[in-house]
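You will see chain A twice below: alongside chain B first, and alongside chain C after that.
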Partner chain A sequence: MAPTVLRYLLLFLAMVLPLQANAVLKIEITGGSEAALPIAIVPFGVEGYAPPEDISDIISNDLASSGRFAPLEKRDLISQPHQGEQVNFQDWRLLRSEGLLIGKVSSQDGENYQVQFQLFDVYKAEQLVGKRYNVPASGLRSLAHQIADIVYETLTGEKGVFSTRLAFVTEMKNADGSKRYALQVSDADGGNPRTVLQSTQPIMSPNWAPDGERLAYVTFENAKAEVYVQELSSGRRNSVASFRGLNSAPAWSPDGKRLALTLSKNGNPEIYILELASGNLSRVTHNSGAIDTEAVWMPNGREILFTSDRGGRPQIYRVDADGGRAERVTFEGGYNASADISPDGKTMAMVHAVNGKFHIAIQDLQTGAVQVLTDTTADESPSFAPNGRMILYATEQKGRGVLAAVSVDGRIKQRLGESGSAVREPAWSPFRR
Partner chain B sequence: MKKAFVENFLAGSYSLLLHLILVVLLVVGLESTSTPELASNPNVEIVQATVLDENLIEQEMAKLEQREQKEREAEQERQQKLEEQLEKTQEELARQEREYLDMQERAELDKQQREKEAQAEQERIKELAKQREQEEQKRLEAEKQRQLEEQRRQEAEAERKRIEEQKRQAEQERQRIEQEKQKAEAERQRIEEEKRKAAAERQRIEEEKRKAEAERQRIEEEKRKAEAERKRLEEEKRKAEEEAKRRAEEERKRAEAEAKRKAEEEAKRKAAEEAKLREQLLQDQLAAEAEEMNRKRVAGVLNIYAQQIQSRVKRYWSKPINARSGMTVTLEVKLIPGGDVKSVKVIKSSGDPVFDRSAENAVYKAAPMPMPSDPDATQKIISEGIEFEFKPE
Partner chain C sequence: MKFFKLFALLLPLFFLAACSSSPDKGMNGGDVAVEERGADTAGVDGQGADGEDMGAEARVVVGEDGYAGNELNDPSSPLSNRVVYFDYDSDVVRSEDQETLRAHGAYLAKNPNLTVRLEGHTDERGSREYNLALGERRALSVRQILMLQGASIDQFQVTSFGEERPAEEGSSDYAWSQNRRVELKYIGR
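Presenting the complex of A and B:
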């Protein structure tokens, strides 16, 4: 009888065990959406004097401009908490926001403002980051960009560029028909432009020093193209290159000690390197039959990209900063000029002509693959944001130069600034130090 | 008989040999008397010469001459004696010659005589031999006779002696018997005495025996009584034992019957139990089969469900801009029956908090998850949760 029972039991166990050995349901998720992250930005509460700037609005715009975030429409906000204890997370979960930003601005005198914000993970119902500031009214806008950077970095793991600046040249026509040129610096969103230099003569090719405190540019104020370096905080400036002939296209070396320049002091525009401290000049290119210009340093500080028509049409070449033989980099299309290099040195942005239309394109320096990013037709002067995600450039809208930016994947395109003047030759500053 | 013959033959041979020896002796005696003795040869004198000194020689010569003279004289005397002797010898020889002739003559006569005598002697010997044979025969017979007689005599003598001996022995026997008779009488008397004593003794012994017998009988009686008692007791014991045995047997039978009854009951119970168990096992088996079918069904449902969940979560996953290939985060997600997320736990982090969070948020944003229509599948998901693995590509 016992063996019989045993047999039945074994049979029974043999049938039961597979059920127990069954694994948990496993699901693999690959790919995922690259769409913007939904984020709930509740308009900051105001106590006392109303601030001159809408901080939450600035933050929202900043985040939206990055293309990485999709702030919820204000009308969709279920509630408007300003402090952590007022938050009902379930509300925000239903909205499927990746984060919830709330804050408060208060001022007793309309001069000094106290600003605080909190960023929450609504699913875990926990605060991701929160800060409190005291700023003057004039600092509110800048503070808003800083908060946007914090939110951006917290949620994407990458530094935000909202506190960086843009430099560009504006051209305005006076009533008498004469032109007025200005070198301007704005916030990264194109707002808050300040003029750092004004001239009746053209100003060209502003270029940020790596410290973000100085600009090199070309001015014709002395009836010829000269290169100046100007300190933004003090406004002090001095000519660094005023050789015979053309002095143009300055580009700061990554260490900030040298400038690559285009000089025609020997008759033909060539690339030179000027050591700022000593004034020593070294020639990089030797091609008397062509124009070599628009130098840009590779992040490694040893190589220079430049535009040359030595091949008959403008193309981009690469050469050692110490000189030597230049090698051609661009082969796609009949026109490639005005190169800029991404902070990681992998991607080159350039003006790329397709059927006589000038677009911003990027080229992968490893594979050589070219991708046209813009569908505008008179694009010029591409400049990478310091995090490499966006490219600032100038284009024409209704016959007038405007600022625009495009994400490196080409998905985000936006116009920047609301300047009434024509804008040209923008340059994106490095991160603030 | 054979021995007698050998003895007779030997006796015959001896007598014959004796006769032969006697004859030989006679013959030899005759011949030696007829052989003459021979005379020995006469001696010859030898002169010896020696060379000497002249003087000596002369002296010697003189001596010699004297000696020679003496010798010649001795010689002449001796010659004379010799001649006398010769004469005597010749005379002797002649005498001897004559004697010899005589003797020859006589020898011839003797020889003839002796031949005659030898012949006569041989005849005599023959006669003698014959005679001797006869005599021998006679002697043998006489001897035989004598021996027989002697035997008879000896036998008679032996018989006489035997009879005498018998007589003597008889006498001795008689005397011995007489003595024995006396001894026997004495013995008899002694025995009588002893018998008497023995009788007395026997009587005593008898008495004692009797007493002993009485004692024995008494003891026997006692023994018997004891035996009887023992037997009685034994009987009683046996009876008691039998009774006990009987009772025990009864008890055993009763117990056996009881045990049997119990065993039967137990067997019945066990059979019932086994039947019940079998029934249970069969039901379990059926249940397990049903379970297995259900499991398969649930697995099928879950497979479809997993695809739904996958596309839904994927749609809600905002992959971070800096997500790199190779990053992986594994989440353990628990749901509540309505499909809402009860908990999300990072089992294995990618190392990048933003990436991890993006995955977690994707799950939350995908909530409420659709739930399978099958309650078993739902139950399984609720109890076991779902494991998500997020990869950029």
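Presenting the complex of A and C:
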């Protein structure tokens, strides 16, 4: 086990160092699966102008970071084929790698690139998939993630999430001790980060629209919590809730037409649904003695789960989006909050406190069985990957906010650290449409 | 009411202090310093570090009422204390803070042109959104006590920053105890 982790780490360092200049978050495998599938990824051949991104490195890094693949080290690669007819399958069988990925990148002008790849089943000596693309230099990075998704899906049967994105909030300290906050969006591997909002006031609770093109979030820029919706391509943003009291915890409905919100305009935090086109507001919860917040939609769009302390301590409840009686969902432990629902609607992730230590746990919504996935103690804000395989969350390392991810079976653990600022409030994007 | 006699007596002293003390240099930029609990007579001569909270706010209020600003900054008055603290996951005002809040309530009732902003905060533990709601609940329970003294609901702005703006950095019991708080910020009219 330990040498495996070390190998990952070295591999990771080798792959990440050249990219470090533009990588905000970097993935470190902190716990791995012994069942990781060995795969040989041959550095892609280059013809003409050298590409600004190392495509095979990005693919290799993606696959390794999932914890489900163990890319062979470069020095172990027996030969460096770039197209099918150069492959001697016998060689690769000796390395016990089941998959073999080769490819090449060519450009006549340094602006437009032709990229091709082929993925082989080494034992069957046959090609599983092969494609060719024409992309501008600026598209190489996202193409690499796209190829990693194809490899992942071909070999595991599940959709890959390497082309998805992460939203998160960073906090930086200025020289005078004041702070500045940023809402950022990066690739799923932490690369290609960009700031979509900067503020001298805190930012909270980013939530992706199902189209992946808009984010709802909470800002304090007007000295109180208000909800904005921002379109990522244009940067255009609108205040959608600035009522008296709290305006917070936005959650898009699966159809993208409504936002569940927490508003305290009538004196107490309650769940409301805002219909975005009309601006119509309907109230979902009615419990004036309690905090009701952190709504999250079931994939069916008809039910909402939320956090409430109506029973004394925060627990998760379920209610029809049309209102009505809420029923309690969590019974294990004295503190359950911040629910997120897996894309298939079967599993709930939540913050679960045991003896004052806050962990990420999952609960089977059918059986009610709870499994604690993390052993860190200040975990918050769980967010499912769109394939339901991993849960991204915020935690602390040496007193500073970092992001981490854990697989739903608890076997794969990653940490996404950033240098220089505290990172929190992660939200994993949906699949691109 | 006995406070007001005391203020009248000590007024010249406070005025001096307000002039000689430097502006607030609290962590949150122009916001009120949170270490006001420690304010004592050492602040009156402008030497004590604890006296430095007699800053920006006092100047705002003096414009409204020549006496009011100084009264608020009398270090020996409960009015100089503008932060109350809470137990974990609780919005119950502690008995030792009741006197402070009663004094503020009575002061607001006597100065109906004054507005106070109540900012609720929590420690960092647990859900950020839940904490945002908890901070508001703390601010509301402070407002309730102030209103019992005759202050009008129009004199309040209630807001919460949840765990987003800690007074004390870190994850110690001490930091947490300092962060579970409501700050009273007077704003002129």
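Methods note: the second predicted complex is superposed on the first by the 396 of 433 C-alpha atoms of A that agree within 3 Å, B and C clash if a C-alpha of one lies under 4 Å from a C-alpha of the other, contacts with A are read in each partner's own complex, and residues count from 1 in each chain.
Methods note: contacts are C-beta pairs under 8 Å (C-beta built on N, C-alpha and C of every residue); 3 or more make two chains touch, one makes a residue touch a chain.
Note that the coordinates shown come from a computational prediction; the quantities given were computed from them, not determined experimentally.
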Considering only the touch criterion stated at the top, classify A:M204 as touching first (chain B), second (chain C), both, or neither. second
Once the shared chain is lined up, is A:E47 touching chain B (first), chain C (second), both, or neither of them? neither
Considering only touches as defined above, state whether A:E213 meets chain B (first), chain C (second), both or neither. neither
I'd like to know which partner A:R68 touches here: chain B for first, chain C for second, both or neither. first
Between chain B and chain C, whom does A:T156 touch in the aligned arrangement: first, second, both, or neither? first
Regarding the shared-chain residue A:D91, is it in contact with chain B (first), chain C (second), both, or neither? neither
Between chain B (first) and chain C (second), which does A:E231 come into contact with in this model arrangement: first, second, both, or neither? neither
If you lay the two complexes on top of each other, which residues of chain A touch chain B in one and chain C in the other? none
Under the definition above, what is the set of chain A residues touching chain B in their complex? 1, 4-5, 8-9, 11-12, 15-16, 18-19, 22, 24-38, 68, 93, 96, 98, 121, 123-124, 155-158, 389
What part of chain A is in contact with chain C in the complex they form? 177-178, 202, 204-205, 218, 220, 223-225, 245-246, 248-249, 262, 264, 267, 269, 291, 293-294, 307, 309, 313-314, 335, 337-338, 351, 353, 356, 358, 378, 380-381, 396, 399, 425
So, in the complex, the side of chain B touching chain A is made of residues 270, 274, 277-278, 281, 284-285, 288-289, 291-292, 295, 299, 302, 305-306, 309-310, 313-323, 332, 341, 344, 352-355, 357-362, 364-365, 367, 380-381, 384-393
Contact residues on chain C for chain A in the complex? 27-29, 89, 124-130, 132-134, 136-137, 140, 158-162, 164-165, 170-171
